[in-house]
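After this come two complexes, each holding subunit A, first together with subunit B and then together with subunit C.
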Partner chain A sequence: MILVVAEQLDGRLNRASWEAIAAAQQTGGPVKVVVLGAQAGAVAADLAAADVAEVLVAEHPSLERYTADGYVLALAQIAGAEQPELVALPHTYQTRDFAPKLAARLDRALITDCIGVRPHDGGRVFVRAMFQGKLYADVLPAGPAPHIVTFQIGAYRADAVARGSSAAPTRALSLTIDASAVRQKPEAPFKEAKQAVDLSQAERIVAVGRGIKGQEHLAVAEKLAAALGAELAASRPICDAGWLPMDRQVGSSGQTVAPKLYVALGISGAIQHLVGMKGSSTIVAINKDPDAPMFEVADYGIVGDLFEIVPALTKALNG
Partner chain B sequence: MKIAVCVKQVVSREWHLRVADSKTWIRDQDASYELNEPDAYALEEGLRLKEKHGGEVIVVSAGPARVSQVIREALARGADRAIHVEVEGLVDADAFVTAEALAAALSDERCDLVLTGLQSDDSGFAQTGVLLAEKLGMPHGTIIMDVQVADGGLRVKRELEGGWFQWIAMPLPALLAIQSGINQLRYATLKGIMAAKKKDVKKIAAPSVAPRQQILNLYFPEKKKATQLISGSPAEAARELVRRLRDEARVIQ
Partner chain C sequence: MIEILALWLLLLIFGGSFVAQVARRVRLVAAAPNNFSLDLLGFRIRRFVTDVVFQRKTIVERPFVGLAHAFVFWGFVAFAGFTATEFLKGLGIVDLTGTAWFHAYRLALAPFAVAALAGIVFLVIRRGIVRPVALGTHVSIESIVIGLFIAILMVTFLLDFRLEEGTPAARVNWWAHACVILAFLSLIPASKHLHLVLSPVTVFLKSPVLGTVPNLDFEKEEVGTEAIKDLKSKQVLDALTCVECGRCQVNCPAWESDKALNPKTLILQTKDALLAGSRDAKMVDVFDPGVLWQCTTCGACENQCPVGIEHLPLIIGARRGLVSNGEAPDYLGNVYNHMERRGNIWGLGYDQRQKFVESAGLEIFAAAKHEWLIWLGCAGAFEADFQKSLRSLFAILSAHGVRFGVLAKERCTGDVAKRTGNEYLFQELATQNIADLKAAGVTKILTSCPHCLKTIGDDYRRFGYEVQVVHSAVMVAELTRALRATDIESEVVTFHDPCYLGRYAGRTGEPRELLGRFGGELTEPARNRENPFCCGAGGGLLFEEKEKGTRISDVRFGQLRATGAGTIVTACPFCSIMLKGSQASAQSEIQVVDLMTFVNGRLQRMPGRTPGSP
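Up next, the complex of A and B:
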């Protein structure tokens, strides 16, 4: 049995939960889904629409707000009682926070950020990206079950979830959690002040990555943006370095955009960036590394030195 | 505060990746290496906390002899001393093996705070720090964008998804996986580089731990999308790209 850990916040399911369910269904064998929280039951009916054996609802006052300690205490109990062969989770920020601790507590293998599963020798190998997405690895978990696996956001389609002919049965689990064993004391989540730049409305975007090499070179990209009538954006490292403000960042920790034209200058294309822009209609990649993953999503690509190509491009547009 | 910062040496971003004949790791004999960038932010945060609250910063790294390069760099930036868990086999180690090696270095140090980067640029497991927290019996927080120390405990700002954040309090000792961009990095000064030569680097042996995952095959992903690659001189390629954007894609006038 594969146990999928769904993620909810204030009674709203994280969409990536459906992707993890789809991944589990495609992996093969019976699938159960567990959801944790103080009012996790609110999303149980939604989850029961999927073609799964059972939906488990783990409600407990200590799980009202997410904490790593609370989730590990709960899931260690649930794994012990349900005896899954595999525990599957979406590779969300929350999963990244507690899944390794669960693996260490259970002393079991954890394979993170997987993009595929293949049968292998009576077991399974998991495919995951390494080296910033430039290489893929087939990985075999070692040691006894359950193995724990997290699936990369977007690797499976949420709408590929097989629906059941009738609602799956739900079962309430009773958990014992010693509140004093939960060491993290979380406050209410909040949003920072509203972003000054709304890139989601831009029709054209010129985005810069590490290939721009220094803040003093941004003018090269700004001139191209002006010639295209485009907004200037960046991958995370550029904003981390303070070369452009954080509200110009595209990617999983920045804005999600889908312009008509996205021109990526010197952006290698780590998944954290790709998830924020791969819905763009036309993508252009300019990069000196022919193996840059950005070329995998690009419609048009030029392999070469952006400091030669971009001025030529600006000239061709202005000409 | 006694602060440990765990750092990893990774192949540099500029280095052109090749797969080794074994197909289970990269051919890295002639690679160039650098400090894993997410760990640089953890180091910077450790140095800033020490400047504010006093104490010392110990840099810890596990890996072969060449790892001394990033240890020296961390010492040059301001760390006080280092522990090098030296073992050849750790190059392609999984997160369990690395966490055990780091735990061996830290188990007797009784640190108040252990900092790591969010993930490594090579393996990208995003689990070593949290595994280490469990092995050291510490509470932890990940994707941390601000660290406040008060009343013998921590109050940290955790980044959630979609622009949301959350403050979390926890007692010390604790482990934090720091989010890149939390601070602006400093670089080593000549004075720092000279001072680093006199700083203590303790070498210890790694414990023997069975790995929890094995790479069967490492390969370049198959190209699925038919990207139109445009060649020629910069001027020719630029003109051709503009033509296609105008006539085929119709995204410019």
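Up next, the complex of A and C:
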């Protein structure tokens, strides 16, 4: 049995939990999902929609706010009672905080930031990226079960979770946590002044540069963005000119983005811009100047007038 | 007899006040960790003659003001013997005033007195009525009083020629002169006029190399200047010496672009904190918020200062104090990460450098085979525009039979780390690079990046690493010296001197030589040669795109555009990035090109020549 640890905050499920469930389902074997916290029950019904054997709800006053001690105490108990062969977690900041401690507490192998799993000799081999993605390593966990595995965010698709024909059964767990064993005393959580637009979460981005010539032409890019379901972004000169707000600036001092698709319209590709978007999976550049540095990093390049190409592209997409 | 006693009494009071006030300041200097250095003594002596005796720095930037000041200064020096002789007599010790040499000396002083009087009247009018911005927003009453004192001294001296010796009028005149001197004496130490006493020492002790910021010694657990008590002796001396002339201020690109940073204010705030005895005051609290991160380390303040103040060690020292406590701005956190993990400021993968090395047909340096090592730098390794310029350089070098290679792997020299106060990271990068350079047997380095030039050529010396480092402009100027371009159409260009080439390295002639040789008709922008206006990229600010006030690069671009030239030539990858950014924002048609691209382009257009051939 694979035990997936879902993550919630204030009764709202972290999307990456679905990815971990999808990973567990694709790994094979029965899957249970456990969710911890004071309001864990609030997300249990959501989780029960997935094709899983059971949803376990671990509510406890000591788990009201996340603490590494509280989570490790709770999960160690749960792992002891449920005896999973694998504990799967999304590789979130919270997981990064407590997973090593949990592994040490259980004295079991931990493999972090995995991007895939393959069957191997009746067991499983886990795939991790190394050297910034230049190499992939196959990692075999050593020692007895349960092995603890965290999955890289984005490595599995949340919408690939298999849904059950009926809601999975939900079971409340009763935990004994000695409050004095929780040494961290968290303050109330706070958010840094959030940018109105969080481009780093966008899957697709259409970015405009100086080649757009005037603010009145932005509509050309906006239409393409709408057709692609993409966010609109820009290089520095555009934001400097005030044509788009600063929070849409991509670059070394703007936002750093890594969408699946980055369409650069009339962006020459100054290095400050490149460092902000070089991690994009697929880069499409449209520029009049064949020498534009943007073509050096682009997967697809179109040398030509964006005012001819972009409307045609938008039409084809909408067609 | 009564007069003698009275003079003794007054001397004890006013002289004692002078001594007590000066002693307090000397103790402040003595209490600070000693960092006085007398290396390159010959240079220091020559500089003392030009800058103190002949007032070079004072005169060069502001000729009229400087000359007026020089008259007053020379007057002071000339009068020293006269005043001493008169006081020896007045105190009843010895009377030398009747000697023939004294009469001759007194006569010789008359023109000095007239010049000093003219000078001080000019300066008082400037300060009190014209009120230039560099001198601050309010008129310093104390400076006016001291100006009047100097005027009275000169007038009473000159008046003495007209008065018969021994008459009551002559005595009153004599006493007026003596009292003003005594009052002056007690006013000096608490005012900016202490520079009279300190600036010759400060100038002598100033580092011979601009922007000298000695390494931190981690063995001794040094972390930089966190608080006033961490200031070194020269820095304390600097603060006490400041004459508040504001040359640093009006030359500062941050101040000129409406930012809060004013180098003069930094020095005066340091002085105030020292005199207030606030030894534990944190530098970041002593200064105005944010100013420490507005400095591009262009060096204008330090270079223009006539009294020997070194601003860069103060600013970078305080940055070190912040960085060691994890208080660097967020954008630098990313850059530090990139330098630590990827060995370059952009955080790009080294395979991209390899691609460039291969596509440019570069050989890996071998001491037996190559004379020169080309140091690509972060820009050379990764920045597409600058790589074009490097290809031009390679073409020129190859055509002249220069044998060169590159290191198989380079790390950033650590310039950004050094200038922003991340000393630990800097030393890590520096020691690794030095080990690689030594292992490869490199003796001559050629670079197109003025920041690499400064870092390898100067900062690496402090690790005991001595190597010849040359900027491409200097090398190519030499290589092409025999060429005479004919049949080449001329083009109006302007040249932006990179701070680290023009001001730090003093290489202002070679770029102009090259432009002239290859048909560039130079029109100089405001602020050129060894006092250029920064592009805004130095000191880690390349990565701070959310500048307060106006962008420094926009201000500079405006100055360059105002020349009317169709092309801006520069010789630094950072200047090029910044100016191109401003050019794009301004939607201007002016081209920004690197010097090497300009030269090679011209060579290619010369009839009957293969690219770069002699």
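Everything that follows uses one rule, which is that the second predicted complex is superposed on the first by the 195 of 319 C-alpha atoms of A that agree within 3 Å, B and C clash if a C-alpha of one lies under 4 Å from a C-alpha of the other, contacts with A are read in each partner's own complex, and residues count from 1 in each chain.
Basically, a residue touches a chain if its C-beta (ideal position, glycine included) is under 8 Å from a C-beta of that chain, and two chains touch if they have at least 3 such contacts.
Bear in mind the structure is a predicted one, so any value in this text is a computation, not a measurement.
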Please indicate which partner A:Met246 is in contact with in the superposed arrangement: first for subunit B, second for subunit C, both, or neither. both
Could you look at A:Gln272 and tell me whether it touches subunit B, subunit C, both or neither (first, second, both, neither)? second
Is A:Ala109 contacted by the first partner subunit B, the second partner subunit C, both or neither? first
Touching A:Pro146, do we find subunit B (first), subunit C (second), both, or neither? neither
Examine A:Val125 and indicate which partner it touches, taking first as subunit B and second as subunit C; both and neither are also allowed. first
Please work out whether A:Pro90 is in contact with subunit B alone, subunit C alone, both, or neither, and reply first, second, both or neither. neither
Touch test for A:Glu308: subunit B only (first), subunit C only (second), both, or neither? first
Which partner reaches more residues of subunit A, subunit B or subunit C? B
Contacts of A:Tyr300 with subunit B and subunit C, given as first, second, both or neither: first
If you stack the two complexes on chain A, which partner ends up touching A:Gly211: first (subunit B), second (subunit C), both, or neither? neither
What part of subunit A is shared between its subunit B contacts and its subunit C contacts? 132, 134, 210, 236-237, 240-241, 246, 252-253, 268, 293, 296
Show me the residue ranges of subunit B that touch subunit A in the complex, using the header's touch definition. 11, 13, 16-17, 19, 26, 37, 41, 95-96, 99, 121-131, 133-135, 139-143, 158-161, 163-171, 179-181, 184-185, 210-221, 223-225, 227-231, 234-235, 237-239, 241-242, 244-245, 249, 251-252
Please give the residue numbers of subunit A that touch subunit B in the complex, ascending. 67-69, 92-94, 96-101, 103-105, 108-113, 120, 125, 129-143, 183-192, 195, 204, 210, 228, 236-237, 239-242, 246, 252-253, 260-261, 268, 281-282, 284-285, 289, 291, 293, 295-305, 308-309, 311-313, 315-317
Residue ranges of subunit C touching subunit A (in the complex, touch as defined): 331, 334, 346-349, 351, 379, 382-385, 542-546, 551, 577, 580-581, 584-585, 587
Where on subunit A is subunit C touching in the complex? 132, 134, 210, 236-237, 240-241, 246, 249, 251-254, 256, 268-272, 274-275, 278, 293, 296
